[in-house]
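For reference, the structures are reproduced in the following blocks.
Look for subunit A in each of the two complexes below; its partner is subunit B in the first and subunit C in the second.
Moving on to the complex of A and B:
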């Protein structure tokens, strides 16, 4: 059996835990109990996890942070589980949600109806609606209805109502720092995170941070995450809810609805909220952009640095920022060939020069003025076609080139995960320089009267700035809760200064300008 | 070869373009006719892509997202059933 795990990595030592067995459609698969289902399946060589809903196209792993819908499978009878965040358990039964439609694939692929047409199909006469639905249900594969519903189903109510002073949503660098600063000053804090461990995306950063902050400088990202999580676990005024998703905020009740493990629902009321939900990966539109083998840069980093699994043998990277450069470096570290970095920018890449130089030293070509046109392959990526761009970023005909690769890594930036923020009814703005939709906030990091914002959800930046923003939001919230101590103003000044220093580089001018545009003196004067 | 904009509902670039040509040329009605942002992931991949297509086709600057409603993530009916019902 093929095994894509890396057993000798120069920097990371993978503590995989105990070996267990999964069953994919009855077939045993080797897994380790620290892995997620998707990671274990990927390591066994599986690339296609399911078929898509309409055209039955192959779907596999993509974002690895439980944000997209690519990796959904049936796990122990539960349909549509995001396997990239579902932890492995011994004897788990996985079903790939393939249906009858795999025999009809050629016909379904020919289907080309504009949406405004197919929405009206099979609705009249009403008598055909039900049987048509039954057939379509068989074709889509998004889970099957229960075969039999027991007459007396026992429902054990697992609902809770909680109250806390400071609710932090998102346990990444921003959320953890916010929680730490508040908890140190005696605030009762609750942290909610939808993964099974805190630390957010720090876990996959194997490079060393260079920054002025004492806290972070010289540490590798994953070690930094560990230190923070350990510190927070020792505090007895912090309640940690992992595997718990915040699915809504209801302003009339001032409560957040959480859904936890085993279908537990929790209504939680807090005096102050900190939203640090982070961001998710952007994608590009090109032919076959949904083929397994086209991954988000973050997804590749997770596979590689968290689980120690090779995404492939030869990768092509699309993107021009630091993420693209970083992921190339991580791949080289792990001994995986990088076919090149394809960047649409004119002269040079936009990321830090240090990173770009490092990549070039390893002989990786940085192909500027090009973008990807097509991914080749039927069930997973096999080679890619890139195309040149002219001054107006239009494709130059005839400039197509074939690049040999078996996976494509798209690192074109992140969008803030603004959904929860929007439920607080803030004033939203679309600022491309900060990543996308973000709320107007004031200098105390408030975007409404009772809620604060920090980290990538407030502007796409580095982990270090997220930590500083989180600390500041935590300190301001502590002040608002009336728990400030003598050190608080000095701390605020220290962190604000460090943040300014961090943003004081030529790369950040656009960002700083955009930031000024969305920051007001007092949020209460802006929103009613 | 298809260019997929929304992985959840298999919406292609040409689906969006056709809908815009048919007159659904603002983000809210475009969402209702094509169904982007209404899949499992609630618009995490498709929104920025659709905004770009719409900007290109109409020449207008798009700075509004469709309305967000709770729940913002997938949840089981079981978890809703366990809450209080007043």
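Moving on to the complex of A and C:
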């Protein structure tokens, strides 16, 4: 049986837990109980997880952290489960939702009837609706409704009401630091995170960080995350809710609605909120960019460094920012060949030169002035076509080249996950230099009277700056809650100075300018 | 296809030797003993090397200015090599007519004394085969785990070129 797991890694020791068995359409699959369903299936060689609804194109996963929803399958009778965040249980039964569409595809294509059309055709008269729907669900591959309630499911969802002083949404570097600084000063803190473990994306950063050695520099990201989580777990005024998603904020009652494990709904009221929800990965527009085998750089890091699974044998990387360069290095460390890094920019490799130098000396080609044109392959990536760019970034005709690869890793940046922020009714602005839509905030990191923002959701930057921002937001919130101690002003000054120093490099010039544009003296004046 | 020599160092992703000659120590200095070479020219916010240096040989004006090694103060202790997040610090030495390069190593397989290793220059080109003479494994401290490996080469001038290794195993 094929096994894509890495058993010998120079940096990480993978603690996979107990071996268990999953059943994919009745076929046994080896899995470990610390894995997610998608990770276990990927390790067994599965690349196509579902079909797209409209054109029934194959879908793999892209982000591997529960954001992109292209890995949906039927798990233990429940359709449309995001398998990349569903933890493995022994004996789990997984069904692919491609069903009839697989066989009917060619015929439907000949009829030129996209599913949405015939879905509407059979809604009248009402008597045919039910049987027609059953057929339609089969055709579109959006899953079969369960015939009976799955045995292990709670029939009545539980609900709860909670109160806390400081609610931190997002348990990544910014959220954890914010929670820590506030909790140290006696604030009652609740942290909410939609993953089953805290640490955000730190868990997959196997490299050492830059910045000031006083804070994070020289430490490996995943070790740093582990220390922070251990520290926070020891505090008895911090409540941690993992596997819990913040789905809404209701301004009139000043409450956040959370959905926890087993559909538990929690209404939670806090005096101050910290939104540290991070970011989404961007994709790039090119032909076949939806094929299984085209992954986000973060998705590759998750597979590789969290679950210890090889994404493929030979990868092509698009983009030359720090994340893309780092992923290339992570692949080399796992013994995976890197076919090249495609660099569209004419001016320079976008990330730090030291990152480029360290992959270059291990023989990775940096293909400058090129971009990807098309991914090849029918059900998953098999090679890619790249194309040269002239000085106006137009494609040069006849410069197409085929690059051999079995996966493509897109590392072209992140975009803030502002969904929750918007529900607080802030003033939003589109600032490309900060990553996309972000709210106007004041110098105390408030974007409305009772809510603070920090980390990638406030501007796309490094984990080290996210930690400093989070600390500052936590301290300002503590002050607003009236829990200041004598050290608080000195701490605020220290962290603010550290942030300023961090952003004093030519890499941050655009960012600092953009930040000035969206930072005001007092948010209350703007919002009124 | 564009050739590397049509690009500048920031576009091609590595420096030619003559582009960083100002950070490379003289041959006389190398013959006196191990010395740190910091191939980190850009202004990036980072300072672990200058903080951990026990002899104060690494000077940094502020967080974002590139480090400068005062070669006379450097004792060749490897502390900066072990801590550098950019893996951009190496030690060079010439002794008994042979060249030595010390570098961080974060790959498999684990190095052993007596191993042979393919040596690569900054562009990833193979430039010869050397001997692993001193592998040290760091299992505590901030950047653990990390190997610090010294490779010996017959041509002392190659110590200015060799920046990566791949351990040769049958």
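The definition used in the following text is that the second predicted complex is superposed on the first by the 486 of 528 C-alpha atoms of A that agree within 3 Å, B and C clash if a C-alpha of one lies under 4 Å from a C-alpha of the other, contacts with A are read in each partner's own complex, and residues count from 1 in each chain.
In this text, a residue touches a chain if its C-beta (ideal position, glycine included) is under 8 Å from a C-beta of that chain, and two chains touch if they have at least 3 such contacts.
All figures in this text were calculated on a predicted structure; none of them were measured in a lab.
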Key: Three-chain arrangement built on subunit A, subunit B and subunit C clash or fit   = fit
Query = Among the partners subunit B and subunit C, which is in contact with a greater number of residues of subunit A?
reply = B
Request  = Please work out whether A:506 is in contact with subunit B alone, subunit C alone, both, or neither, and reply first, second, both or neither.
outcome  = second
Task = Answer with first, second, both or neither: which of subunit B and subunit C does A:323 touch in the superposed model?
result = neither
Ask   = Looking at the overlay, what does A:68 touch: subunit B (first), subunit C (second), both, or neither?
value = first
Inquiry  = Tell me the contact category for A:356 with respect to subunit B and subunit C: first, second, both or neither.
reply    = second
Ask   = Just subunit B (first), just subunit C (second), both, or neither: which does A:52 touch?
value = first
Query = In the superposed arrangement, which partner chain does A:259 touch: subunit B (first), subunit C (second), both, or neither?
reply = first
Message = Per the contact definition in the header, classify A:8: touching subunit B only (first), subunit C only (second), both, or neither.
response = second
Overlay on chain A, subunit C to subunit B nearest C-alpha distance, Å = 26
Query = Residues on subunit A in contact with subunit B in one complex and with subunit C in the other?
reply = none
Remark   = subunit B partner, complex, touching residues on subunit A are 52-55, 57, 59, 62, 67-70, 72, 78, 80, 114-116, 119, 155-159, 194, 245-250, 257, 259, 263-265, 267, 280-290, 374, 415, 417-420, 422-423, 428-430, 436-437
Task = Using the touch rule from the top, collect the residues of subunit A that touch subunit C in their complex.
result = 8-11, 207-213, 217-220, 223, 332-333, 335, 346-349, 352-364, 366, 368-369, 501-507
Query = Which of the residues in subunit C come into contact with subunit A in the complex?
reply = 2, 7-15, 39-48, 51-52, 62-64, 83-88, 106-108, 110, 120-124, 142-145, 163-164, 166
Key: Sites on subunit B touched by subunit A in the complex   = 1-5, 7-11, 13, 15, 18-19, 22, 24, 33-35, 39-42, 44-45, 47-49, 52-53, 62-65, 68, 70-76, 78-84
